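Below, chain A partners chain B and then partners chain C, in two separate complexes.
Take a look at the complex of A and B:
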């Protein structure tokens, strides 16, 4: 038993090291984002602590030789794209998962067809779509060719999340509603949806995050109007500056805010399920 | 609501449920399936088709030829890139497993409190909220000649000269990829480990099995589906990679993905398509091989 505790302590220590390893670049990014500007580069040592690069990102720093990140347009595009992708892929994922609640012929084929979407590397899909667009004569745009690929990528995640939710779903409540003559649409709205809501939220979160950060697919299909990741990728070729790190810190903080909203919604939904569980019956009437 | 109405809508429901029974499934499945066929299957087939087109300097024409294929397999550079991609993929796969498994073991098996378990897993996922590309770039000031690692090591007197092989080499690409993808290995494994019934392990212990034997005979086999799922995640991501390589190798390490990007950049579509098909083939072999070990759908 003592041996076992020793092992546990060892593994615990290892896990702590492991998590440190995961956070290392994150910490470096945080430190270097406070590098002096505009002459300070993205490396150690810190010449002087300053918030210059944050001002630079927000566009309030005096003009310098470092080109500002195209935040206004690129970020708006990225957020719009992520939002649209989120809505479409969550709807598709829920529909497909709903169909999978009954066994049907060819379910294996559909399953792998959908899952293939998250398996195929973005660079391949981007290339394929660019070729198709080229031949059919469609212009490559972030809201067209890139958007459909974003959905191809995130829809499988939404589908898998919803599938897992439906697998643990007690369908007797639904059957009771049907038996009482409640129409399917209404049953879905009043019974099924509230029960699967946490799953829907997770699916939305997945889709939004993945789409927002997506770039190999967008690189080939996004056309000339860049999204945020493409704008960042563009700086790879030239020199990088700490403004990228400042931007990274800002977006991470923003993501945390989003995550907190998700957490609150989730908690609220769990609480509502607990208190309102008894009230479902009146709700159907 | 009147008393008549519910009965009425129930009648409608009966009609509709008859219709839904027959075609409901089809209606639920159709949007997703059509989307995937149009925007996933068609592009991939197009890629295969274009790989046989004739490439001239700046354009392609649909005259079928195997010229691009011959160029790929006879060129030292391109065939070398294939081998390099496979080598880096295998290295990263093994490293993510070796580094990730003990952490997953701790989170999934040794932490019995569900809340702590969730907190630890969330802690692993948080770095993902920073843009992928920025995370990759953050390795540069870590690994460079005057980077964080060299500064720390020199301060502790462990080395006298900065280690230069850390950045802009194959090693830096591997370090970066392992750090970025290891979580995809940890997650599924921890998930499977957390599902193991405690009584199983207690039974084994009561019967006098040593910790190592329990691990080998009970815990590891039960975690295998997680390992396979993790391996699939890591494999598909690493095989399709190009950004990490171009950011951390100073464009010295060219993976198949990098070559596709370069070829597309210079409008060599047919040639890019050839590499795309090769990459697809490699991935298909890898995934099918891994799926032989475990039935993914049954494990969900």
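Take a look at the complex of A and C:
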């Protein structure tokens, strides 16, 4: 019994540490983002609480010696890229996972081929792509070369998520629909897709977030019009001001908003599929 | 109406269905009995087009449908686990086939509504149309599954162990219900089951399947009284089966030698129906024309209208005797008591070494 308590305390301590390391940087960043500006730096103590750096990020602060973050365009690019990547990867991943349900010939080989995209180090892939693009005379752009690599990178994740979903999927409902005279294409739209939709949402979320903060592949193949992570890195390399932290807080809030929408959609689809709390009764008469 | 010709299917070299041929008539209740692993589910999947046969063909009203995809066959298929669409309510589940099928979809919402309402009334689910299927009990799910298939008016309705997941009480009621629904619609049912009582009680005709081969197709009473092979006798679970040989005109086994009625060249098996044998009272003589053997009493099982006595044979196997209590009072025996069991020699069924019935006993009994 004492041993058990000891283990419990140990695990509790470990969990506390884990959470601290996970969230402490963010909390520090959050606090520092309210530093007074423009004279206050990214360190303690807080000179005075203010929202100056938030105004700075949004471009409504009075001009100062601190250059505004070059984010407006970069953010649009990143979001556009992440969205496009999400759509393409999720569609490809779902279709590939659907193909794998049939255990076709050579499926083992194809599996590793697909998964390779997330295994190969990003730097190698980015560098290789950049070299090849230069060799054959393709311009390096965020919407071209970088987009392709983003898909190569996120597609295996979407595929694996969908593969797991299909593994748990009871295909007898599809057979039931076919036996009712409904052709396979319509069965997929009306039966399969609604049932795997929570999985599709997860795959989309995966693809979006992975693409949104992708760095090495974009660095080498994105060309001169940079995406968000690279723009941030660019300012980071020169001098750090709390406007970065303010931006970090804003994007985190944005991510949480996105996650909440995901959670709500998920809950709605689960609720639709489940009972609404009315007792199940046996009435066979 | 439906004809199956020499259908065969093997999974990685193992024959699941072996040269299976069958004529299915219009408006009949066909039950298919087979032990687990006999290929009965495979057969249904082949008929429904969910598996491709290696050879053979399936004909429906004179059209070869062997290569047609499932959704073009117009065969109903009610799965063992119901396979209802969990994201739809009862009405949408039932209406799904009508609305979305390839051939002759019903586009008029009023007509869909009418047909769904009619079929829900037939299966007794009128009040539950708006419920999600997750809120239904097992028996209700069973009915939705059946209604969903029947509303599309299939030519043949294949049912894969439809009562398998229900508890005994519900199963009995659904047995009656299924027959009632089938008669009301006049559609042919092909009902697969591993339960011999279900197969015998429900079928107009009954098929016995073993290791992918068809052993016998006959009305249930014929199968019950005149099983074509020793395996059929085994699956209907109503016969004591002894194996032995013929010597000196008697069936000889380690349990003793029994007189054989009629002239047979060879014997391999000897079957005595549970209710054809009885236990001799102390002092009672073995009547003329009867066979008898000695066995050790193990246990009895009281079933209300009948009692089953279970004995240990000399060779170690069991021997069951059923006593119908409407005609006799129960007798009680001590555990391990040695008893003499006897039966009319003419009541025994004889099978040759290959397990085929060699003598039609019921004809002689009737004469």
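As a working rule, the second predicted complex is superposed on the first by the 273 of 285 C-alpha atoms of A that agree within 3 Å, B and C clash if a C-alpha of one lies under 4 Å from a C-alpha of the other, contacts with A are read in each partner's own complex, and residues count from 1 in each chain.
Quick note on the criterion: a residue touches a chain if its C-beta (ideal position, glycine included) is under 8 Å from a C-beta of that chain, and two chains touch if they have at least 3 such contacts.
Please read these numbers as outputs of a predicted model, since none were measured by experiment.
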Chain B versus chain C as contact partner of A:99, first or second or both or neither: first
Which superposed partner A:63 touches (first chain B, second chain C, both, neither): neither
Partner chain in contact with A:183 - chain B first, chain C second, else both or neither: both
Partner chain(s) touched by A:173 [first = chain B, second = chain C, both, neither]: second
Greater chain A contact set [chain C / chain B]: B
Contact residues common to both interfaces of chain A (with chain B and with chain C): 178, 181-184, 186, 285
Chain A partner contacts - residues on chain C that touch it in the complex: 48-50, 69-72, 74-77, 79, 81, 83-87, 96-97, 100-103, 124, 131-132, 134-137, 139-140, 145, 148-149, 152, 170, 173-174
Of chain B, residues touching chain A in the complex: 1, 6-7, 9-10, 12-13, 16-17, 20, 25, 28-29, 31-33, 35-47, 50, 99-100, 102-103, 105-107, 110, 120, 123-124, 127-135, 137-142, 144, 146-148, 151, 179, 182-183, 211, 232, 236-237, 239-243, 246-247, 257, 260-261, 264, 269, 272-273, 276, 279-280, 283, 287, 296-297, 300
Touching residues (chain side chain A, partner chain B) in the complex: 3-4, 7-8, 11-12, 14-15, 18-19, 21-26, 28-29, 32, 42-45, 91-93, 95-96, 98-99, 102, 104, 108, 110-111, 113-117, 119-125, 127-132, 134-135, 148-149, 151-152, 155, 159-160, 163-164, 167, 178, 181-184, 186, 209, 213, 215-216, 219-220, 228-229, 232-233, 236, 240, 244-245, 247-248, 251-252, 255-256, 259, 285
Residues on chain A engaged by chain C in the complex (per definition of touch): 170, 172-173, 175-184, 186, 190-191, 194-195, 272-276, 278, 280-285
